[in-house]
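There are structures below to look over.
Next come two complexes, and both contain chain A; in the first it sits with chain B, in the second with chain C.
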Partner chain A sequence: MRRLLLAALLAGTVLGGGAPACAAEVSQYIPLPTYRVGAYASSGELWWAGERDYFRYINEVEGGVEGVKLNYEEFETEWSPDRTVEVYERVKAGKDGSPLAFFFTHGTPATYALLEKAAADKIPLIDPAGGKTESVDGAVFPYAFPLLFSYYSQASTGINYIASKVGGLDKLKGLKIATVYHDSAYGRASQPAVDALAKTYGFENIQIPVADPGSEQSPQWRQIREVKPDWIFLRTWGVSTVVALKTAQRFGFPANRIIGDVWAGSESDTIPAGSAAVGYSALAPYPGGTDFEIHKRLKAEILDKGKSNLRDAKLFGAVNYNVGLVNAALAVEALRTGYKHFGARPLNGEEGRWAFEHLTIDPARLKQIGFDGLLQPIAITPTDHEGGGAARIQSWDGSKWVLQTDWIKADHALLTPLIKAGAAAYAKEKGITPRSADSAEAAAR
Partner chain B sequence: MSLFLETLIGGVLAGTLYALVAIGFVLIYKASGVFNYAQGSILLFGALAFVSLKDAGVPVAGALAITVGLLIVTAIAIERLLLRPLTNRSPLTLFMATLGLSYVAEGVAQGFMGSQVRALDLGIEDLPMFLGDIMISQFDLIAAGVAALLVIALSLLFNRTRIGIQLRGVANDTLAALSLGIDINRIWQIVWAVAGLVGLVSGLLWGARQGVQFSLSLVVLKALPVLIIGGFTSIAGAIVGGVVVGAGESLAETYIGPFLGGGITPWFAYALALVFLFIRPAGLLGERQIERV
Partner chain C sequence: MDHVGLRSDVPPSSIVVAPRAFGVAAVTALVLTVPFLTTEYWVNAIIVPFLILSLAGLGLNLLTGYAGQLSLGSGAFMMVGAYATFALQLRVPALPLPFAFILAGLVAGVVGLFFGLPSRRIKGFYLIVSTLAAQFFFEWLFLKFPWFYNGNSSATIALARGLSVFGLNAENPPGRYWLTLGTVAILTLLSWNLIRSQTGRNWMAVRDMDAAAAVIGVPTRSAKLQAFFVSSFILGIAGALWAFAYLGSASVQSFGLSRSYQILFIIIIGGLGTICGAFLGAAFVSLLPLALDWSFQHLFAGQVDEGLRQNIQKAIFGVLIIGFLIKEPEGLARLLALPNLRRSSRRTLFPSVRR
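Coming up: the complex of A and B.
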């Protein structure tokens, strides 16, 4: 009997994912495809801790979102797109009476793999600071949300920051800017934007690929030494960032002339690089640190009460932990928008799309939820699924990230035509008739 | 000319790091005919154990001693729990067993010691040295020295000690060795322990360069073309293979890469290995096995 009881308890813990769902009330089901083991676990472990801590805070301290509790459940994928697709298929019908309002893909390759499937199933794919850049155009991609900071915006913000360091956009003319990139769809995603920026501002655009995993980069940095660029935009991922910083030091390229992108700017990249990372800067739509109001609230209600999912409390406020917090907050605020419109009950995919397409977090709201400075103001519309397009810049001082700037916006006037052209080509290839803003509104009402 | 020489020397030195990983495979393959898929996971396990102990405040010498002890215990456990029950099974069965072992080793390592990237400072600065116009990595130079010392130590072990002679006997003819009273189980334990120690050395060197993290287990991907080129049964072959791969991919990336869009190092090493498979299937220094059919 005791064994049976233990087994039942264990099964409940495993299958329920630790979420405090109550049988009597219907909660909003949120599946989380995660990677706590495998090559990218060092990022994932903190990311999921951030998401879970925030969802737990909302459930236990705020009583849910407009009274609706969140029932979150993890699925291990090891960052493998095929496993994420499998998870999607298992959860797309919802659970325990709750439909699926949206699906976090937690990875660009998984977003690409699910793009058409989710559109057919009418389930929004949420992939902040990732996804397919053209899917910013909600007229063609109604169910894809590359929120916050597309890859084109990353390139443009990086160039804008370099311009601010050299004295203005007009001073970019004649400079050599090399992009060292992970030779993958992710790494290549910013190239059209950098091409356009180079033509507009007259800098020399040098692209140098690093093949996965990037554990030996001497040939690439020898090439850089020959070319002598003024600045380097580092678009690497995982071990290739650490090796890039160390090899740059060996070849005498100064770290303070290297700007990393979103996914090359966490403690996992800088701590192993040691002295080679001191002075290195990175784009930060998810700034690191604990100097934000939400961290005070979480510390008091979650960490100090021993409820955090963090394995090591020293990592509270690490960049990847804050990625989880921001992404969870975006989901919570979108659900709140939806509940206010449709009523406080679990939403389905079409309602979830409406909710995300009407998500607005202004500076006043950012202060209320404790994310002022940590999250940029955001306004999603049916035709703009990015809604932000800005980042702060943070620099590594040898022990922590230090914020250098306020939010720097991407050049949307230059990027939007590129995105529209890419989306139009996709629509033509797939036979999609783009929505108008009015039809998008009418579809969900 | 200086660019060519610098690229060549840099590649040769990087190749010795590949060779270090490959030597772990050679030791086990030579003694038991098993291609040990778990070598990368054992390399990760050793490096992670060392850095975890060091981070916990254990002095370097103590951390090293405990890690070596752990690897020896692991080798004994592998022989007892995995190899002994599978004695006389096909090489494919043993290979699949090591495949399973790799997942267990990775899971245990990350489960107990965490998945965060750890910095590892061996006190070797990764700074440049100059010979005229030619830049050489100080770190790579020291790593090459360590590899050379390791090869000398292994040669002494195999050629000048009783255990080494027994080991060679088992490698040449297992049945004959058994009939002479050699304890094959003990030999396997020793070989797996030595391969674990070689893995630890390469894990520490690679870990110092890229941080101690899961990706360390993937450096074995660099060892496969090295083994094909050098031969699966020769330590000297692993060194030669490592040098060929290191120099080849470095020169190719510099001189051919720009015409092919760059980033060609991973597939170039395998393409090179394929060429060697056509010309010399047993590798440069591997033993040619001729079977009567």
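Coming up: the complex of A and C.
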């Protein structure tokens, strides 16, 4: 009996991969490495709901992208890069006749782990508002797309917002700005930019790490009480954000002097923090709320018809849900660009790269797809894989996020040399010859 | 640690025959077929990590299963191996990769020896604390000083020139596979011989009762330190393989405390004090969740809520672990042993607890 059981399990492993599925028409395969289990599930759940709802809306209401249906499938990773690598290997050959046009990594450490593999396999890694900042330089990183809002832009926009609060960039001189960060590839990523900004504007740069997962932070906040910073830039993730806000309250640091970054500014962070989060502000390349046009369409077609992936309809329009919507829309618009160029059929990785490198969403198009105000206008080129670089600021009033500003641009004049230098150092270390924009065009034809 | 005395009632020779034949046949079959018969996915995402986890399990099994010293520092020793390989490849580019692996293993061995020093005085749960300190210390160390990760912005390490063995490129799936398999085979063979030598017998004597071992003239203190050195040597090489042959790039998070627990589970589920237990345990821990995921994906995709499906998978995996351990506390190695052997002897795992 025992042997039989083991044999059955073994057989399950072997046969599991071979089960063929029949599709009437070939649809574009989109694997989603997700985390509905583990320390980051509370953010993840809403994110996947947003992506799935938008893909479903495109499939069922708009009849697919240029007529090509999207075939999306989830894989649990618990935000572990090791498991994301396994998922990537599992899906990289595509499915049911569809090659893989791109791979959402859904986490910065996973992007790092896959950076070289994906470049060798020619599969674009899509990690909006994340990824390796240097990979904004598409000449060195043709297959990495930290779309929308790189970590350097996050630092710069955060500092620009603080400057607007204190009355101008020249008033930053002498201020103490502490960055409390999740000690991972994600958390450390903004340091070079903050260093450069501190040198330029003369504020004091204090960096305080929080080890993963960050559920105990008394030492860090005791240190903060000693150094008495004027502002805190909070670059935490998951449970570490909640604990940071609560510990800040306990140590008497005012929440309205804390600016969270993209991944520290959602309902999953502020609701559990309770009163400690009132007055807390965060960068919002993905603003929260349901007042955008796309939400009206989704509510009518998906939510009210019981087709939503959301378990709690109250969280419709939460920041992380909107993250999913925006990411899904970026993918859909990129695929549309590709289908218009290559024909309406599933794209492979090289065609996917071309599609993302020619993705342009202008304000008129934003209105058409219902993302006006939710997504900034974006223009990706073969040499600029960020294409946006702005965020709005929202602050938490105790029950919802309230948008405070319009789009605030990062200081690209200051950041681009840093990114170029980082990318050049990477190219030198790895022996990569940066491609020119013309050769990128030629390769795609 | 003498509570986990693994006394054997049968002569050692009869235990070794079955797993040995099994091991030789399985390894030979794998060597001949794997890179040509399977897809890239199988090699890159299933077989290579399975082999590396088996090697790590083997390393810890020498220390815990054979020498009876509990450790929660496996992740740290793997981390040392990975970072040492990175440093050697970066700063001594002339050194071929296999030698870098060996040197990194030696560095990890010395580190293990150092953190094993308290084992001369303390045992059991107290010793866990010392190895746990290694875990936290190295996570801090490798992040604190940019020298260790060559000052890049993300503190991740990757081999600049990729995997190459004496000029041959091992960056493709068969290359990774052969490199991993070769390393695992050599180290398994060496461990196999080591535990049947005087050293291995000393370790087992220490494990079963260190006071009695000392009385009959076993140098218990040096035996324990030897075990720490050899175990960490193997773990270090496993760490280097994990970072560069499987992941491609790694950071300290790849070798966190959960990795240490995972390796401890591998040997507990596979079977303490057996060589093939490390392989069986690694198969259980690394392949079973994937098998569950695959079967659930095909059976229930689209019908069951994704969050529910993924949590159920996790629960089933937990239930299976508990089930197997209740059925056979000595692990899969014993569960899968020949039936007559299974009947003939039962080692007392926890002599102080009456059954």
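Things to note:
Going forward, the second predicted complex is superposed on the first by the 423 of 445 C-alpha atoms of A that agree within 3 Å, B and C clash if a C-alpha of one lies under 4 Å from a C-alpha of the other, contacts with A are read in each partner's own complex, and residues count from 1 in each chain.
The rule we apply is simple: a residue touches a chain if its C-beta (ideal position, glycine included) is under 8 Å from a C-beta of that chain, and two chains touch if they have at least 3 such contacts.
Since we're looking at a predicted model, the values are computed, not measured.
Chain B and chain C, once both complexes are superposed via chain A, clash. Judged by the touch definition given at the top, the superposed model places A:Phe75 against chain C, while chain B stays out of reach.
Once the two complexes are laid over each other on the shared chain, residue contacts for A:Val85 go to chain C alone; chain B is not touched. By the document's definition of touching, neither partner reaches A:Leu303: not chain B, not chain C.
More residues of chain A are in touch with C than with the other of chain B and chain C. In the superposition on chain A, contact is made by A:Lys430 with chain C only, not with chain B. Once the two complexes are laid over each other on the shared chain, residue contacts for A:Val239 go to chain B alone; chain C is not touched. In the superposition on chain A, A:Ala198 makes contact with neither chain B nor chain C. Contacts of A:Thr133 after superposition on the shared chain: chain C is touched, whereas chain B is not. Once the two complexes are laid over each other on the shared chain, residue contacts for A:Tyr112 go to chain C alone; chain B is not touched. Shared-chain residue A:Ala344: touches no atom of chain B or chain C.
The superposed model places chain C right into chain B at 96-104; the other stretches listed in 60-68, 96-104, 132-140 or 186-194 stay free of clashes. Touched by chain B in one complex and by chain C in the other are residues 36-37, 41, 45, 183, 209, 211-212, 311 of chain A. Touching chain C in their complex are the following residues of chain A: 2, 6, 9-10, 12-13, 16-17, 19, 34, 36-37, 41, 45, 48, 73-76, 81-82, 85-86, 89-90, 92-93, 109, 112-117, 120, 132-134, 183-185, 188-189, 191-192, 209, 211-212, 309, 311, 422, 429-431.
Residues 3, 6-7, 10-11, 14, 106-107, 110, 114-121, 126-128, 135, 137, 139, 206, 209-215, 218-219, 222, 249-250, 253-254, 257-258, 261-267 of chain B are the ones touching chain A in the complex. Those residues of chain A whose C-beta lies close enough to touch chain B in the complex are 36-42, 44-45, 183, 207-213, 215-216, 218-220, 222-223, 226, 238-239, 242-243, 246, 249-252, 268, 271-274, 276, 311-312, 315.
Residues 39-41, 44-46, 49, 139, 143, 153-156, 158, 160-161, 171, 246-251, 253-254, 256, 287-288, 290-291, 293-295, 297-298, 301, 305-307, 310-311, 313-314, 327, 335-336 of chain C are the ones that touch chain A when the two sit in their complex.
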